[in-house]
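These notes open a run of structures that come right after.
Both complexes below contain chain A, partnered by chain B and then by chain C.
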Partner chain A sequence: MIRNTRMKRFSIVSSVVALGAMVLTTVPAQAAEPGLTSKEIKLGISTPLTGTAALSYGKIPGAMKAYFDFINANGGVYGRKIKLVVRDDKYLPTLAATQTTNLVLKDGVFALVAALGTATHSKAYAAASLATKKVPDLFVNTGFSGFGNRTKYPTTFTVLPSYAMEAKIISKFVKDKFPGQAVALVAQDDEFGVDGVNGFAAGALTLTSKTLYPQSSMTDARAKALLTGLSAIPGKPVVILFGTTDVTALIFKAAESLNLVSKFTWIAGSVGGDSNTLLALGVKATTIDGVVAASFFPDAKDTTDEYVKAFSKINAKYNPGVSFDNVVLQGMNSALLTVQALRAAGKNLTRAGLIKAIESKGSKFASAALVPLNYSATSHIGYNGYWMGQLNAKGELKPFGGMLSVVTTDSTTGPITPSTFKRPSLPKNGIPTNS
Partner chain B sequence: MKNIKINKTLATMVVTALVTTLAVAIPTTANASTKCSKESFTSAGKSVSYQKCTGTDAQGSQYEFRMPSKFNGMMYLYSHGIRGNHNLPKIPVIRPDGYVVNMAPEVAPGRTAADAETIAQALLKQGYAVAGSGVSTQGWSIPEAVKANRLLITEARSKFPTIKKVVSWGDSLGGHISQSLSEKYDVIDAVANLHMAGSANSQYTYANDFLWMFKTLFDPTIKGNGYSAGTAGYMEYMGDITKVLTAFGTIQAAIAANPISPTWPESSKVPDALKAIPVRSAVLLIGLLAGVPVQSNTYDASSGPAGPLETSFGLAISPALGVFENAFTALALALIGNYDAEVRCGGVIFDNTATDYALRLGDNGDVYAAGLSGKTATAGMLAYLNKMNPAAPRVTGTPAALDCIKNKQANYSGKITVPTITISQTADQVTPGGFIQKFKDLYASNVKSGKAKPGLLLNIWNKPPDTYTKFDAAGKPVTPALPTTGTSHFMYTNKDLLIIAKMLATAGKTGKLPSVKTAEAAFKKNPNIFIDPDYKPELMFADR
Partner chain C sequence: MLKLTPSKKRTIFFIAIGWALLLIGDRIGELRQYQGSFVAMYALAIASIILLTGYSGQLSLGHSALMAVGAYAGALSINNLHLHPAIALVIATFVAGLFGLLLGFGVARLSGPYLAGTTLALAVSLPTLANQFPILGGEQGVVFDVGLPPARFGENFSQYKWFFWISTLAVLIMLWLISNFVSSRYGRTFRAIRDNETAAALAGLNTGRLKVLAFAISSGMAGLAGGLLVMLISGVSPSAFPLSLSFSLLTGAVVTGVYSLRGVMLGGLVLVAIPEIADSLVTRIGGSEGFTATLPGFLVSALLILAVLFAPNGPGTLLHTFKKHH
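Presenting the complex of A and B:
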C-alpha cells in the first residue's frame, strides 16, 4: 500500500511537471494579450471616413496602412505583420464610443492608434473601458490638454502639441509681428476652443473681439454678419480663426463674397488651416495666399525634406491614387511612431510593455516633426512646439519672414523659448531598427 | 418619436375621472385558499396538460402557479414590473385607454400577454412549473412583493411537495423583487433579473431630478412634489399630468417645425437670453444632468439625414432628440411614481436642496458641447438651475418620507448567494445601466468583505445596433415599428427570454453560472448581446 501511495504521488508530481513543461514549451508568454499572435499585431483606429471631418482627416488611416504595408513588406516588426482595422466614427462622440468598443470587443485589437478628436475620444475612452482593460491608446490626434491627466487616461499618448501651447505661441507672434493691430478671435465654443482661449490669456494677448460659436453652428449668414461687424474695426485687424477647417473655409468664402479678404490679416490655427482642404472646399487660391498658420511639421510640399521625400515615395507605391499632403504626412508619421514603439517594447510584446517603452524611449523616436516629442514616465503629451509660416497661392506653407523659427513652450504659464531641438534623421530606408 | 396629440378636453376628463379615482381596489385579506383546475394546451400537435392553481394569500396578494403533469422538479417564480397604484382616466400617450389598478398575477415575462403565455407554455412543455404573484399593493411595493413570493413558494410546495428547486426571475421592479427575495430568504436556487430596477431612492431621484429641471425651465407652475392629501392631491396630480403633457407637446411641435432652432414653450419663465438658446439644448442638458440616455428607440445620437445636415444632425440634434424621446417615460415615471410614493411614505420623497447640478455635467459638457450650443450657453442654463437662483426653488423632502424611501423598501444589498444573471439594455431610459453598475459594486464590496462568494454574478448587456435611425425621403426621422433592441425599456424577445430561461434552469440545477463563453454562444446569433466584465456604465447620480 505504501509503495502504491508513493507511486501515485510520484505519478502525480511527474504529471504536474510534465504538464508544466508542456505549457512552457507550447504557449507563448504573451498568449493572453488580445490582438497578438506570433505572426500578427492587430491595431485599430476609429476615425472619420465619411461626414464633414473626413474631408480633412479621412486620409489618415489610408496613409497609416500604407506605411504599415511598407514595413510588412520589409519583414514587419520582429517578424510580425501589422494589421490595421479601420472603423468609421464620422467624428461623432456616440459613434466613436461604439466603434472603439467594437475595435476592442469584436475585432480584438492589441492597441488603438491615431484616434481623432477630443469629444469623440474622451467619450470613447470611457465607453470602451480602455483604462480597465489597459489598452494602449497611441498617438491620439488631439491637442486637448485634458488628455494629459494620467489618472483618467493612463494608457493614452497624444501626439499634437496642446491647443494652449499653440495659442500662447500665436499670441507672442502677433504681439511681435503686428504690434498695435486690433486682434479678433473666432473660436469654437467647446473644450478645443476654450483650451485655446486659455492659451491666448496665458499669452497675454489683448483681444478686441472674441466670438465663440458652437461646433456645427456656423453658417454662411452668420459668417457674413460676423465679418461685417469686424470690418468696422479700423486698420487691418488680425483675425485668428481657431476652429475646424470647414468653418475656416466658410469664413474665407464669406470674406470673398463681401470683398473683405484684404481687410484683415488672417491667422488660421493648426486644426483649421490645412491649405489642401481649404482649396478643396472652394476657397480661392488668392484668398489663402498670405494666410498665417502654425505648424510643427515640415510642409508636405517641401520635397527637400528627407521625411517628406521618403513618405511621398511610400505613398506612391502603397497608397496609389492618393495625393500626398499634410494629412498623409501626419498619418505616415503616426505609423512611423507606432512601429518604433512596437520595436521599443521588444520581442515579447505586451500592452504594459508597450506603454512603458513609449514612456522610457518615446522622446527619442525619429519623427518628421520639427519640434521635440515630450514623452516620459510623467508626460504622455507628444509634441511641444510650433513654427509660424505663411501660405502661398499654391498652398505651400513657408516660414514667416523667410526664416524658420521653431519655438517651444508648455500648456500653462511657462516661457516661449527658441527650440534647440535637432530632429533625428530618418531611419535608413525609412525602416526603424530601434529597440 | 411618438406623435403626442394633447387632447384639449384632458382637463375635463381629469375631473370626470375623480369619480372613479379613489375607488382603488382593496384586496381581501383572506388566508390562502388555493383552487386548482385541470388545463391543457396543444403544442406542435401534442397536448400538454397541467394544473392551474390560483388563490389569495394572507397578505391579500393574488397568486397563480401552474404544475405540468410531467414535472421535472423545478419551478420558475416570476415577479412582474411596477404597476400604478391609483386609477387613471384616459390620458393621451400615457394611458390612452385609462387605467384601473391591476392586481392580477403574471407567471412569465413577455412583451404582450400573448408573449407571456407563449413563454409560460414553453416552460410547461419542458416540464417546469411556473408561478407568479399579483402582490397586494401596487406601486413601489418590494416588501409586500417579497413576502407574497415567499408565501407563494410555501403554498406551492405544500400542494406539490415534488418541487425541489425554485428559480426566480423578474423584470424591472420585478427584477429588484426577485433579487431581494433571493438575498433575504434561502429559498431560491438561481436568479435572472431583466433590466432590473435600482434602489427606490436612486430610481426616484433620477425621475425627480428630470421632473424638477423640466418644470424649472419649461413650466414652473408644475407642482411635482408635495401633493395634498385626498382628493385635492389627486386633482393636483392630474393637473401636473396636463401641464407636463402640454409643455412636452409644445416642445415637440417646436422641434418638428425647426429642429435646428426650436423655440421654448410659452409656459417657460426663463429670461429671454436663455430662450435664445435652442430649446433642444435645454432638453439635452437636463437629460445629461439626470442621467437619461442619449440613445432612444428612434435616435442613435449619430445618424443624420443625407445631405448638408447629416453630420450636424448626428452631432448636435440627435442626442437631444434621443433624450427627449426617452424623457417622456422618465416624466411619466416621476409623475405617477411620485404620487404613489408620496401616498405610501406620507410626504415628499425627494430632496435636491444640496444638489450641485453643474458639477454633474462633467465630461458631458465637452462631449456634447455642440448639442448644448456651446459652453457659454451651457453656463447660462446651469446658472439658472443653481440653488442660489430664487426663480428655481429647490424641493425639500419630508424627513420621515425620505427615510421611508431610502431605508424601508427592502432594497437588495448585493449579498449574492446563488448564481445570478442580469440582462439589461445599455440605453434603457427607465432603468439605465448605472443601476446594474451599482449592483455590481455592491456585490464586489460583499465579496471583498467576505459576505458573498465570488463568481456568482453574470452581467449580460443588450446594446443598440451601431447606427439605426432611419429617415424618410423628406429627411424626417422615422420611429421604428418594432422597438430598437438595446434601447427603451421594452421586454426582450421570446427567443432571448427562452435563452435566459435555459441558463437560469441550468444554474439552478448545477449551482453554477454559465461561463462567459457558453453564455455568448447561447446568444451567438444576436450581434447586439455582449458580455464584458470591464463594461462600466456611469453610476446614477444618487449612487455616486
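Presenting the complex of A and C:
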C-alpha cells in the first residue's frame, strides 16, 4: 500500500508509461531473447583449441566460421548475420563447464552449437544451467547415446550416430564378410566402453579377445605386447580398433615395426579412422591401404560429391590455409544444419521456436551425410546409420566390395536394416532457402 | 574496554567476512557468483598447499589427486548412499584426510624432491586408476548434484547464488578452523620442523608424526576443495583433475606467499581472473583464437616469475618492506 500521494502519483504515471511502452514495442517477445538483435545472431561453441584433442578436432570451429562467413556474405539468415563465439575448453570438464557458462552468461549467446565430447559436455550442460535457461544446444559432436535422454537434456540435439549403433553395424558386417575368422576388439575404456562394447554385445559378435584400455594409458610398449599376443591367433584375425585417432595411429605404427600389418584384417571405428589424421600422425600409406572403416559421410576426398565440392570451395575461400578433411566436412555440415534450423524457426526467432523447428522439420534438412537424420518431437538423436568402406593408399574411403550399402539401426536391440534413404540435394550454391 | 583474545578476534573477522560476502553475493550477477565460488574453492585448495609447504615444509605436486579423492568420496556418498550434500562435503573432507594420513605414513621418510616425485606420481596415476573401477563411472564419471536451492529462498534465488553460498560458507568454516589450528601449539611445532627438523627433533618433537598430521590435514582441505570443484561443474570425472591443476595451485600458493594464509583469497582470485584478463586483453587488441588460448598460461608464468623475483614471501611482505623503507 502506498501512503505518500506524490509517490502514488509517480507510480501511476510510471505504470502507464510502462504499459504504453509494452504496447508500442513492436516485437516484445524478441527483446527477451539473449544473443539476438535485428542484425545479428550470436552462437557459441566450447571445444578444444589447444591440447591433444585439438590435434584431431581443432578444425571444427574454423570450418563452421567459414561456412557462417559464407552465409553472411550472401545475406545471412533473414538479414541477420551469424556470429560464432569460440571458447577453448582443452577437452577438460572443468574448463568446458566454465567456458560454457561464460558463453551463456558473459557472451550472452542465443544458442550453443557443436560442443565436443561426452565427459566434457555432460558437465557443461548442467553447470551452465542450459536446461533451466532453455538454451538450445545444437548438434553436439558425440556418439554417446545418453544425450538422447530428454528429461536430462531437454534442449540438446546430438548429431553423430551413437557408438552403440556403430558397434552393432560393425558386428553384422564382420559376421557377414569374415565368417569363421577370429575377432579381437581393442577398445577405449570410457563412453565407448559403456556404449560401444554394449553395441558389440547387442550385435552378438563372438570375440576371441577383448582389450579395454584407458585412453591415456596406451603406449608403444603396450601396443606391441598386445599385437604380439594377438599374432598367436591362427589365420587372419579381424582386429577392431575402437578408440581415438592418436591411439589408432600408435597401434598401426606398432604393427609396422613388428611387421604384423598384413597378419590382420584391420577395422577402425569412425572416431579413429580418419585417414588424413592417421597419415599426419606418421602411419605409412601402405598400412592404411585396405583398412576397413565405418562412415556416415561421403569421403572428404571424393570431389565428385556435390557437398564435398561445395564445402571445399567455401573452405578454400573462407578458411585459407586449412586442408579439407573429414573434420572440416563435419564442421561445415554442422554449420549447414544450423543455418537451416535458424531458417526453419522463422523470422521471429526464439529459443523455444528453434527447438520446435528442429523437432518438426529437422529430419528433412539437407546434409552431406549418406544416412538419414532422425529428429522428431520424440527423438533428438541425429544420424542413425553407417556404411562400411575400405581405405586405399591415398587415404580415400571407398565402399567395401565396390557397392555402397548404407544400413540404419538404433542404440539398443532394434534390427539392422538396409537404408532406402535418398540424400536431399545440396541447396542451390550451398545456400539454404528452406523455411 | 572489552579485551579480545586473538582467537575471538579471528572469529569476529571471519564472521565479518562472511557477512560482507553475503551482501556482495546479493549484488553481483550470476557469472560473478559462479566465478566467486571458484575463487573460494581455489583459495581453499591453495590454503591446503600453504599449510603443507609453508607451515610444515613438505612439498606436494599431487594435490589434484587428493582433491579427486575427496570429490569421488563426496559424489559416491550423494549417489550411492543418498546422503545430504552437506554431509557429502564433510565426508569428502574426511575421506581425503584419511587417504592423506595413510599416504603420509607411507611417505613420512621422504622429503624434498623425493616427496615431490611421489606425489607427482600419485597425481599422474590416480585419475587414470579411476577408469578401472566401474563404480567410479569411467571417463564419464559420476554426477555430483547438490540440487536446486531450497524453495524458501524464493524464485529468484539462482543456482549460481546457491553455489556461491555453499562454497564460501564451507571455505570460511574450513579456513577458520585451520587458522585457529596454525596459531595453536601445532602451528608452532610445524614451523619448527620446517625451519630445522633436527633441532625440532632434539627439542623433543615427534617430527615424523607431526609431518604425517600436516599431510593428513592438508589432504582433508584439498578433499573439501575437490568436492566443491565437482559441485561447481556438477560431476566428477578423471579428466577434471589433470596434472596442470596441481601446478596451478602451486602457482597460486607462490603468488599468495607460501608462508602465510592471509592472502589465499588473492591466490584464488588470480587463478580465476587471469583467463578473464587475457580474454579482455585479446578483445581489446584483437588477436586470434590461438592467442586467447595461450595468453593465460603466459600471464600466469610471468606472474610466477615476478612473484619469485620481487615478493618471494607474498605481496603482503612486499607492502611491509615498502612501508619500512619509506
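Throughout what follows, the second predicted complex is superposed on the first by the 410 of 435 C-alpha atoms of A that agree within 3 Å, B and C clash if a C-alpha of one lies under 4 Å from a C-alpha of the other, contacts with A are read in each partner's own complex, and residues count from 1 in each chain.
Everything that follows uses one rule, which is that a contact is a pair of C-beta atoms (placed from the backbone, for glycine too) under 8 Å apart; a residue touches a chain by one contact, two chains touch by 3 or more.
Please read all numbers here as calculations on a predicted model, not as lab measurements.
K.L.:
Report clash or fit for the pair chain B and chain C bound to chain A in the combined superposed model.
P.N.:
With chain A aligned, chain B runs into chain C, so clash.
K.L.:
Can A:83 be said to touch chain B (first), chain C (second), both, or neither?
P.N.:
It touches nothing on chain B or chain C.
K.L.:
Would you check which partner chain A:380 touches, where first means chain B only, second means chain C only, and both and neither mean what they say?
P.N.:
The answer is neither, since A:380 touches no partner chain.
K.L.:
What is the contact status of A:61 with respect to chain B (first) and chain C (second): first, second, both, or neither?
P.N.:
A:61 sits against chain C, while chain B stays out of touch.
K.L.:
Using the superposition on chain A described above, determine whether A:49 touches chain B (first), chain C (second), both, or neither.
P.N.:
So A:49 only meets chain C here.
K.L.:
Tell me the contact category for A:92 with respect to chain B and chain C: first, second, both or neither.
P.N.:
Both partners.
K.L.:
Name the contact category of A:118: first (chain B only), second (chain C only), both, or neither.
P.N.:
It touches chain B and chain C both.
K.L.:
Given the touch rule stated above, what does A:343 touch, chain B (first), chain C (second), both, or neither?
P.N.:
In the superposed model, A:343 contacts neither chain B nor chain C.
K.L.:
Return the residues of chain A at which the contacts from chain B and from chain C coincide.
P.N.:
Looking at chain A, the two contact sets intersect at 91-94, 98, 102, 105, 118-119, 122-123, 126, 129, 132, 146, 189-191, 193-194, 214-217.
K.L.:
Any idea which chain A residues touch chain C in the complex?
P.N.:
Touch residues, chain A against chain C: 49-50, 61, 86, 88, 91-94, 96-98, 101-102, 105-106, 118-120, 122-124, 126-127, 129, 132, 144, 146, 189-191, 193-194, 214-217.
K.L.:
Quick check on the complex: what are the chain A residues that touch chain B?
P.N.:
Listed in rising order, the residues of chain A that touch chain B are 51-53, 90-95, 98-99, 102, 105, 118-119, 122-123, 126, 129, 132-133, 146, 189-191, 193-194, 212-217.
K.L.:
Hey, which residues of chain C end up touching chain A in the complex?
P.N.:
Answer in residue numbers: 29-31, 34, 38, 128, 131-132, 138-141, 143, 145, 159-160, 229, 232-235, 237, 239-240, 242, 245, 289-290, 292-294.
K.L.:
Which residues of chain B touch chain A once you look at their complex with the stated criterion?
P.N.:
Touching chain A from chain B are residues 294-295, 300-302, 310-312, 314-316, 319, 363, 366-370, 372-377, 466-467, 530, 532, 534-536.
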